[in-house]
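Across the two complexes that follow, subunit A remains constant while its partner is subunit B and subsequently subunit C.
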Partner chain A sequence: MALVFGWPMLRYSWLSMHASSVLTGLEPVSNQGANWIRLLEDARFWQDAVQTLRFAALSVGLEIVLALAMALLLDQRWRGRGVVRALSLLPWALPTTMMALGWRWIFNTPYGPLEQMAQSAGLSPLNLLSNPDWTWLATVMADVWKTTPFITLLLLAGLQTIPDDLYSAFRLEGGKTRQALTAITLPLLTPYILIGILFRTAQAAGVFDLIQVLTGGGPAGSTESIAQYAYLNAMRFLDFGYSATVMLAGFVLLSLVIFTAAVLLQISGLLRPLKS
Partner chain B sequence: MNRSRPLWIALLLIWSLLPMLWQLITSFTSSDALVNADIPFQQRWTLAHYRELLSGDPPFWRYLFNSSLVGGLSTLLTLLLAVPAAYGIARMAPAFRRTIRTVVGAAALFPYVLLFLALLELARAFQMGNNLLAIALPYAGLALPLALLLLISAFEGLPNELDDAARLEGLGLLDRLRWVLMPLIAPATASTGILVFLFAWNEYPIALTWLSRDDLLTLPVAMARIAGSSIYAVPYGAYAAATVLGSLPLLALVLLCQRQIVAGLTNGAVKG
Partner chain C sequence: MLKLNTLGKRYGSRWILRYLNLEVLTGECVALLGPSGCGKSTALRLIAGLEHPDEGGIELEGRSLDGIPAEGRRIGMVFQSYALFPHLSVRDNLDLGLKIRGMAPAKRREQIDAVLSTVQLVNEADRRPEQLSGGQRQRVALGRALLRNPSVYLLDEPMSNLDAQLRDELRPQLRRLILQGPQPVLYVTHDQQEAMALADRIAVLRNGRIEQIGTPQELYLKPATRFIAGFIGRPQINWLNKTNGACIGIRPEHLRPDENGDRCRLIGREWLGANQLLLLEGAAGQLQMLCSADFQPGEHLGVSWSPQDEHHFDPISEQRLSRS
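== the complex of A and B ==
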C-alpha cells in the first residue's frame, strides 16, 4: 500500500518541481516551481477543475435521490426481489469503458435511438455529443446510470439496520406511513447517505474512463476532467513534470472540497450519528 | 405504494436494462440496417458481428481469458495479503485501530486514476510492462484498502474469547486462522473477493498504460481500442457484439453472487 499510494505522491511532489519533457530529453531538470506558476495561469486546468466539480456535484446529487428511491423499493418484500436486485446491480458491475461506448451509440447523431425519437417527434437534431453546452449532461446521465446501483447497495444496507419495531411503534402512536419516511427512515439513514456522498464524490472527481471513451473530453474540451488533462499531459504531450503538477493540484483541490464538506456537515451537526 | 409497486419495479428494470438491451439488439443488426431505417424488418438481422469478433486476430475470447487471469490473480493476491493483515489489525488496541481505519479509509477513497503516471514509471523501472502477471501487483495494492476495511470489520465481529480459547487449547496462529477463524469469516472473504475481482476486471487507466501488446490487452482496454480506432466510424455493430459477449461472465457472476455482494458492502464499508 505504501508503494502504490505513498510512492506516487512523493514522486509527483518531486516531479512537479522539475521540467521533464521532450524538450529536456525526458530527463528531469529542476525548474524552480515554474510548473506551479504555469498551473496557476493555465486557463485549461481551471476550466477542467470547474467542469470536474460540476460533473461530480450533479451526478452525485442525482444518484443519491435515485438510489434512495431504488433502495426503498428493493427493501420491501415481494416475489422476485432477488432477481430484480441482481439485475439492477448490473450497470455497476459492467466495465465503464464498455458501456461508455454503448452510450456513445445511444447518443449518436443521427442514428442513435434518442436522436431517432427526437426526429419522429419532429424536433430539431439534439446533437447530444457535439453541443458544448449540453454534452456534459450526457456524461452525467451515463455516470448516474452506471453508479447509482452502488449507492443503492449502501442505502439498502442501511435500511436493513433499521428495526421493524420502530415502524410498528410509530404506527401505534398514530403516525402515518408517509410520515415515517421523514420521521424514521431518513434520519437513521443519514450516515449511510453521507458515506455514499463521500465515496462517490471522490470517485466522480477522479472521473476518467467514462469521459475518455464517451466524449474524449470534447466537444471543445467542454467535458474534459482533471484526470484526463493529467493523462494528456503525460501520454500525449510527454510532459511528465507538468502532468505530475496537475495531478497533485487535482488531489489538493479534491481534498479541499471534501474537507470543507466535512467541516460544514460537522457544524450543521449532521455527522453526529456517524460517531456513535 | 403497494398498488403502484409493479409500475416502479418495471421502471427500475427499464432504466437498468434498456441501454444493455439496445446493445443486444444492435449486435444482431447488420451494419447497413444500423444507418438505414428503410431496410425492411426481415432483412435487418445478422450474425456477422459475432463471427467477425470470434475470428478476429487475436480472437475475442483471448481478451476474456486475459481479464479472467488478471482478475483471478489479483483477487488471490489481495486476499492473501489482506486476511492476515486484517486479523492482526483487528487484534490491536482500539486507539490504533481507529488510526489505521482512518488511513485505510482515506486510501480507499483516493481516486486512484491520479496514480497511473508514477505506477507506469515503476513498471518501466522493473520491466513489468506487457506482463499480465505483473499487473496483478498494482491491482492488489489498489484493492487492498477496501479489502482491509471489509475484513477488519469481519474479524472485529468475532468474539475475542473464541480466539483465546483456541489458543489455550494449544493451537498456533496458523492453525487458528485455518481451522477457527477462516470458516467464520468465509462469507466476508467471499464477498470481498468478488468486489476485488470486479475492480480488476473493470480497471482501465493502469491496464491502458501497462499493456500495449495486442494479445495481452484486458477487456476494457480492448473495447476502448475498438472505439478509438476511428472517431468518425466506430464499428458499432461489432462493438455491441463485444459488449454482449463481455457482459455474459459478469451477468452470471452478479446473478449468482448478488447476496454476497450486498452482504459485503453492508458489513464493511459502512462501519468506517
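== the complex of A and C ==
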C-alpha cells in the first residue's frame, strides 16, 4: 500500500507545489502553491468537477435501479436462468475501450443504428455524440450498460443471503408477494445497495477510458471528466505540476464524499448485514 | 379438524410424498416422524399453502383449502429456523402480521403486550432477533403463531436448533401454549423421543409414505414394520441372528441375566445412571441389554427373554407377523 498508493500520493503532493512544464524545461521548480491558486480560478476544472459528479450520480442511480430489477429477476427460478445469468455478465467482462468503440458506432451520425431508427421514424438527426446538451447522457448510457451487471451480481449475492423461510412466514402472516419487496427484501438488501453505491460512485468519479474513447471529452468539453483534464494537462500541455494538482484535487473531493458517507453509514450500522 | 386426503407431491417424476391420509382431531397433536428427506416438511408446506399438491386435497374444519392461497389460510406455523424478520424488533416482528391484516393500533398493542407476557419476553420487546438467545427466538416464533389466532398449528422441527437442556425447559411451555389448546397440531420432527413425549399420535413417514399411525404406546409395543421397530425406542431394538432367515427383534429392556440363558460375553458397557447398557456377544449375534446389575467387561453371563416380548417380521415384506 505504501509503495503503490502512499508514494504516488506523496509524489503528487510534492509535484503540485512545483511548476514542471515545458517552460521550466520539465524540471520541477517550486512555485509556492501557484498551481492551487490557478486551480481555484480555473473554470474548466470546476466545470469538469460538476460534469464528473453529474455523470457519476446519474450512472450509479440508474445502475442501482436496473441492477435491482435484474437481480430480482435472476433470483427467481425459471427455465434458462443459468444461461441468462452468464450472458448478463458479458458487458462487464468486455474491455472498456472495446465496448466504448462499439457504442461509438451505435451512436454514430448518420450511420449508427440509433440514427437509422430515428430516421425511419421520421425524426430529425439526433447527433448523439455532437450535442453539448445531450452527449453526456450517451456516456451515462454506455456506462450503465457496462457496469449494471457488476451491481446485479452484488445484489444477487445479497438476495441469496435472505432465507426463503422469511418469505414463507410473511405470506402466512397474510402478506402478499409484492408487499414482501418493501417489507423484507429492500430492508435486508440495504447494506448491499449502499456498498454498491459507494463502490460505484468512487469508480465512476474516476472515469477516463470510456469517455476518452467515446467522445474524447467533447463536444465542447461537455463530457470531460477530472481524470481526463489531468491527463490533458500532463500529456498534451506537458504541464506535470498542474496535472498533479488537478488529480489531487479530484481525489480529495471524491474521498471527502466517499469517506464521509462510509463513516456515517458505518456508525449507523446500515452497512452490516443482519442475521435472522 | 385437519384432514389430509391421499395427498401427494412430486418434483419432476419423483414423488416425494404420496397417499398421505391423516386426520388430526380437534385438540389433538399428531407428530409426523421420519428420517430427513422423508417428505415430512413438504407435508407441512402443502398444508400451509406454500406449495401445491399434485394429488389429493386438504380439509380444515370441514372446508377444502383448495384454491385458498397461503396468505388466506389461518395457519400458525413455527419454522425450524424460526424465520424471524432480522431487521425488526421483537415487538415489530409480532406486529407485522397484525398490521397487514388491518387491526387497529390500540388493539394490536394490547394483543402484543398480552402475548409478550405469555411467552415471557416483556423485557426483550425492543431487541432485534440477533440480540436474543436461541430459546428466546423460539419463543418469539411461538408468540407470532399464537397471535395469528390460527385454526391449525404447524410446527416444523421447532426444537431441533436448541440444546438438550433448553429443549427440556421449552417442552412444558410448548404444551401449555399450543398443545393444550383446541386447535389441531401437526408436529414435524425426526426425533422419536420428542414425538413420543409430546404427541397424542405419531405418524411415521418413510420415503414419502406413512408406514404406521398410532399412539406412542402402539408404535412401541406393536411396530407394524421392521423399520418402525428399529426407528422407535432407544436404545435400539436387537435383531437376532437366526439360521432360518426369520426376522426377530427383542428390545434391550426385555433381556435379563439368567444363569440358564444363552451364553454371552460382555464386550462393552455404557453407564446410564439408573442402569447400564451392556453390549454382549453371543450365539444370537451382538445384543444390547439394559440391566441394573453390575458386570465387568470380559465377563461371561447368560441372557434370556420371554418369547412374548419378541417382535416377528416377515423377512421379505418386513411386515409384522401377528402371533396369537
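Everything that follows uses one rule, which is that the second predicted complex is superposed on the first by the 258 of 276 C-alpha atoms of A that agree within 3 Å, B and C clash if a C-alpha of one lies under 4 Å from a C-alpha of the other, contacts with A are read in each partner's own complex, and residues count from 1 in each chain.
Criterion: a residue touches a chain if its C-beta (ideal position, glycine included) is under 8 Å from a C-beta of that chain, and two chains touch if they have at least 3 such contacts.
Because the structure is predicted, anything quoted here is derived from the model rather than measured.
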| item | value |
| --- | --- |
| Touched partner set for A:89, first subunit B, second subunit C, both or neither | first |
| Subunit B versus subunit C as contact partner of A:61, first or second or both or neither | neither |
| Partner chain(s) touched by A:219 [first = subunit B, second = subunit C, both, neither] | neither |
| First, second, both or neither for A:175, with subunit B first and subunit C second | second |
| Subunit B versus subunit C as contact partner of A:188, first or second or both or neither | second |
| Subunit B versus subunit C as contact partner of A:166, first or second or both or neither | second |
| Most subunit A residues touched (candidates subunit B, subunit C) | B |
| Common ground on subunit A, meaning residues reached by subunit C in one complex and by subunit B in the other | none |
| Subunit B residues touching subunit A - in the complex, by the definition given at the top | 1, 5, 8-9, 12-13, 15-17, 19-20, 22-23, 26, 34-35, 37, 107, 109-122, 138, 141-142, 144-145, 198, 201-202, 204-205, 209, 219-221, 223-224, 226-228, 231, 234, 236, 239-240, 242-243, 246-247, 250-251, 253-255, 258-259, 261-262, 265-266, 269-270, 272 |
| Footprint of subunit B on subunit A - complex, ascending | 1, 3-5, 7-8, 11-12, 69-70, 73-74, 76, 78, 82-91, 93-106, 108, 111, 113, 116, 145, 149, 153-154, 156-158, 160, 177, 191-192, 195, 198-199, 202-203, 205-206, 208-209, 212-213, 216, 227, 230-231, 234-235, 240, 243-244, 247, 250-251, 254, 258 |
| Footprint of subunit C on subunit A - complex, ascending | 163, 165-166, 168-176, 179, 183-184, 187-188, 274-276 |
| Subunit C residues touching subunit A - in the complex, by the definition given at the top | 45, 48-50, 69-73, 75, 77, 79-87, 96-97, 100-101, 128-130, 144, 148 |
